[in-house]
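These are the structures, in structure tokens.
What follows is subunit A paired twice: with subunit B in the first complex and subunit C in the second.
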Partner chain A sequence: MQLTTAQVKPSKKSKHKNIRQLLKTATGCLLGATAAAQADSKESFFSGWETDIAILGYTEVDRVSAIEPVVQTQKSFDDDSVLGFKLVVDSLTGASPNGASPSDQVQTFTRPSGNGSYQTPAGETPLDDSFLDTRVSFSSFYEHGLGRMDKMIWGGNVSKEYDFFSAGLSATYVHDLNNRNTSLSLGVSGEYDFIEPVGGIPIPLTQMQAASSPQTKGEGSDTRFLGEVLIGVTQIIDRKTLVVVNYGYSQSDGYHNDPYKVTSVVDDNSGSLVQGESLSGTYLYDSRPDQRIKHSLYSKVKRAFGEDSADLSYRYMWDDWGITSHTFNLSYRKNYNAWYIEPRVRYYTQGEADFYYHSVTESQSENIGSYLTSDYRLAEMWSSTIGLKVGFKTPDGNQNSIRLEYYHQDGEKNPSNAVGVQKNYDLFPTLDAFIVQYTYSF
Partner chain B sequence: MHSQLTIKKQQNGQGYIGIFQAMASDCEVLIDCDNMLLAKQMISAVFIEAKRIEAKYSRYLQGNTLDKINTSNGEKICLDDETILLVNFAYQCYQLSAGLFDISSGVLRRAWHFDGSDNIPKQKQINRLLPLIGLDKLIWDSPYLTLPKGMQLDFGGIGKEYAVDCCLITALQVNKEHPILINFGGDLICNQARRNGTAWHVGIERVGGGEAALIKLKRGALATSGDARRYLLKEGIRYSHILNPQTGYSIIDAPRSITVAAESCIEAGLLSTIAMLQGAQAKSFLMEQQIKYWIQD
Partner chain C sequence: MTKLTFVVITLCLLISGCSSLGVEPWERDILAREDMALDNAKLDSAYDDHIYFSKEASSGGSGFSGGGCGCN
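Now for the complex of A and B:
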């Protein structure tokens, strides 16, 4: 079957005449002036929007918590084009690991602003408790047909945080073929990020200084550009099965460091603190390459089982920082008359970046290369998520859903290269988080 | 057959649905409102109007308006107002389609039996019928019609679409405010978007091995012409039930199905039928009309 749909301009040389107007006149005579469809006037731009409002609560045990309201709305127009907007506000509070290792002594750190300090008791993972941020992000998209078998999707987004601004644009071209059983997509996107850390940009690999001392900070801000290309194939296998395969390439250039993260330098034998230039410990500021190239392969199979459907996906990502990761996701949606449940499991595992160290010894630090990070997000780690979503309709016919998720993240807590007292402590900060989201659609 | 009307409240607060059989089709009326009484009034108005039109113009009923025309035996007869409008409309369509759309072509059914078999009629059988076809052979002096002996009229090509349009008018006379969708076996019309502002989702039955299509409709009508079930197959050639009244022959190179969107169902129906009659030229004909259409090959 070939199913084609179109609203096309007539070709100049067509031998057929346009009978539509004459037919409309004839119909007017037959049905009278009250003819049905003319009864309704053109609808206004402001009616017919489909809107979701959602509120998400995120809580990490003993760490960050966030409240995130989301509003999104979209409308399909008579010409099958679709316009959509989304607004997300994130409000985070709490403590976040600063990258330093636990020690057998009390550790003192300087706040990012350079004004004031905070202390971490012996044996505990150092957390910067001044973590407080609000993010506002706005995005929009416009999708429209391009002839019979093609469409374009344009996107734009801006995001603003206290110390960060980001703006991006994207364009995706989708081509259907093989009787619409196959669709090919090609997307390109670009993003500009502006980073303006509290207290300025730390000079990489210099020591964190005491609050009373001059801070080893350079410029006030820096930038990063990200470009991405995504090619994808969606194939309908049979009436119940759909397969998606995507490949993505992205390259980002510019500032990649986490300005709030440091790496501990410890004694070669005792694993204890090493006296720093102005602090009682030695902590080196984060240093990462100024370019990152990522590749990703994604595949998904979606299959219907009667009224229900299952969704299985796998993503493989590798980059030139030495990180490879695997993500498995499985969800199953069970539909009942007026409601549905959707359990989900996700498993993620990644290898560490070439320049990741939970901490470095004094002698290691003398031979360290240009790059060093102790950010757990670049460490070897694994995480699992289990979740359940329940959707139901309110009597007015509108859709509601509640999503509950539990997230557990873990890594190498007792690495073999731990030194001295480090062997007594967890060198990877495990994380447990709960997510609750309520969505109302109207 | 005794046809009944069933009215049900839809799940999830989507209003009411009325279901009945008419014109050899499954008929559905959807009213997107919570007022049960009003919904029932609108649905029953549609039901009564559909049954009225079916009774008046069905070619299977004796003694109705159509039967009186077809049994006039060459005598001049006087038509009522509604039938005058229908005959006028049929004449206009005959002219617009350069004779391809002809309500006197029904006699070809004596030769063609679209039962999925390979019984292609012989040319001799068809030739015998051709003199009995052609609206130009009638004497139409409104309100007086003279149908030559042996000829027959059949509103089958427009009857269902006409009924859909009339039913919407009737329903809106009961109430204009509420979203309504009337669907008689795939020929359908709606007056406005659903209460929540979203479009009605209408499936087009798939033909052959592909996927069914989903059309979003906020206002207006859809009609489909096709040979999903009614065709003959011989030596790999599909003979569609759409017949060319000038040759008496089946259109064999037309798409399997054509769906057209228009303001009224009768316009959509005629455009899809006339497009079918263009055979392989269906697509270029549709393009020239600057309408929305869906073709299944």
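Now for the complex of A and C:
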């Protein structure tokens, strides 16, 4: 985990002071800081908050679009403790792959609610265009010293969207040594998730039914628990270089299926649709293990080059579903007097889960075992991001930044085990997305 | 288990080897720069975590991996 370096804000000019003060006070009130105000005088409590407001626009080509505004604020108190709050609103709409593979025929699918259906033309990736959700997330943290060389960081968050609720707590202990050149940290966290899919929880590996037929749905909701341990070392190497190494272990138990995803069953020879129980095709609901154990090894190097700085990180992740992944990230910040530019590249690659299939043949489906998914996020894939961030200061010293990024995701479009007509189509739903973010810090 | 052993050994070596590294308190001018803070773009990182959590099978590493999101 990364340690916070205290930052000293430059002095402000008077002409923006009133507006800035008003914004800071409003932010403190909006994020519920009033309860803690009793511990301090009203005037001093509302002064000194450092606040970021940001808005992100995310647009996938022909798929999902999202708008995500964020407000976060934090204050350092006289005893060196720090209190922070963050509010996120996330609004999504658009179309998402439902897991079924392209076919040489028109395909009909039932909407998750069981009321109504949608069709996908021959040769196209089936997309459920009813994806619509709004998420509200609130989190806070409190950091305080434990003697001269130790500190604790406590965190909590709640998040709610239409079909999902999540609440989590975390605690991190940090110990400095070697004249504060080394920091060791140990963190634990727990998260409770409540999943309540539209239309109920599909019975795994049963067929999607036509809207006019009884649906193969079971309970209305399910739960999942996630526990994590994160240990880390942050080391100052020299005047210009910092290194971080973290190891993370997480275990989640409970409902892991994607209730909105299915797998196509195709003819052994032709690769075309197989007549289902009530639909013209056969589509099996997602089925995953009810436990997942993940490990991650993360390292980061930050180094100054004159007035500039570079940030290089690498993450290796592996889990007991058979997935391994590698993530590389490099950014370089070129500093000028009152502004900077920061180009960035990211590359990610992952192997597929043991139970991932782009589709299954009819004979395969009879001996498929307990688990099956066609969720592209569990497939073998690779992605790359390129971006540019530009930051500048207003006359009173407040920071603005604009970030533009392009994300491309790709996978095995023509797998060797494609059957018949499947060889004519792309079996991985390639994704292109654009990200725009504006941030103002005051 | 082999991977775990590797992780533990690596961390031990790092900690023991770190005692000879570092700077004196008066040599922290560059490290104290805003752009040299490890979390100098916390909001960007949080946005990225959310996006990649919803599009890929991996999460966490630099921090906890829980997403508090039903997107994956």
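Note that in this section the second predicted complex is superposed on the first by the 399 of 442 C-alpha atoms of A that agree within 3 Å, B and C clash if a C-alpha of one lies under 4 Å from a C-alpha of the other, contacts with A are read in each partner's own complex, and residues count from 1 in each chain.
One rule holds in what follows: a residue touches a chain if its C-beta (ideal position, glycine included) is under 8 Å from a C-beta of that chain, and two chains touch if they have at least 3 such contacts.
These numbers come from a predicted model, not from an experiment.
A.B. asks: So in the superposed three-chain picture, is A:236 touching just subunit B, just subunit C, both, or none of them (first/second/both/neither)?
C.D. replies: both
A.B. asks: Let me test your reading of the model: by the given contact rule, A:363 touches which partner, first (subunit B), second (subunit C), both or neither?
C.D. replies: It touches nothing on subunit B or subunit C.
A.B. asks: Once chain A of both complexes is superposed, is A:181 in touch with subunit B (first), subunit C (second), both, or neither?
C.D. replies: both
A.B. asks: Given the superposition on chain A, which partner contacts more residues in subunit A: subunit B or subunit C?
C.D. replies: Counting residues of subunit A touched by each partner, the higher count goes to C.
A.B. asks: Of the two partner chains, subunit B (first) and subunit C (second), which one does A:442 touch, if any: first, second, both, or neither?
C.D. replies: first
A.B. asks: In the overlay, answer first, second, both or neither for which of subunit B and subunit C A:163 touches.
C.D. replies: Touch status of A:163: second partner only.
A.B. asks: Considering only touches as defined above, state whether A:337 meets subunit B (first), subunit C (second), both or neither.
C.D. replies: It touches subunit B, and subunit C stays clear.
A.B. asks: For A:269, select first, second, both or neither according to whether it touches subunit B, subunit C, the two together, or no partner.
C.D. replies: neither
A.B. asks: Could you tell me if A:137 is touching subunit B, subunit C, both of them or neither one (first, second, both, neither)?
C.D. replies: In the superposition, A:137 contacts subunit C only.
A.B. asks: So, does A:50 touch the first partner subunit B, the second partner subunit C, both, or neither?
C.D. replies: first
A.B. asks: Both subunit B and subunit C contact which residues of subunit A?
C.D. replies: In subunit A, residues 1-5, 7, 179-181, 236, 239 are touched by subunit B and also by subunit C.
A.B. asks: Mind listing the subunit A positions that touch subunit C in their complex?
C.D. replies: Residue positions touching the partner: 1-5, 7, 52, 54, 56, 58, 68, 70, 72, 86, 90, 133, 135, 137, 139, 157-159, 161, 163-164, 166, 168, 170, 178-182, 184, 187, 189, 191, 193, 195, 226, 228, 230-231, 233-240, 242, 244-248, 250, 294-298, 300, 302, 304, 309, 313, 315, 317-319, 323, 325, 327, 333, 335, 340, 348, 350, 353, 377-378, 381, 383, 389, 403, 407, 409, 431, 433, 435, 437, 439.
A.B. asks: Sort out for me which residues of subunit C touch subunit A in the complex.
C.D. replies: 3-4, 7, 10-11, 14-15, 18-19, 21-25, 27-44, 46-47, 50-52, 55-58, 60-70, 72
A.B. asks: Which stretch or stretches of subunit B touch subunit A in the complex?
C.D. replies: Where subunit B meets subunit A, its residues are 11-14, 85-86, 88-89, 92-93, 96-97, 162, 165-166, 168-169, 172, 176, 189, 191-193, 195-199, 204, 206-211, 213, 216, 218-221, 256, 262-267, 270-271, 274, 278, 281, 283-285, 287-297.
A.B. asks: Where on subunit A is subunit B touching in the complex?
C.D. replies: 1-11, 14-20, 22-24, 26-27, 29-32, 34-40, 43, 47-50, 76, 78, 80, 179-181, 236, 239, 337-338, 393-398, 442
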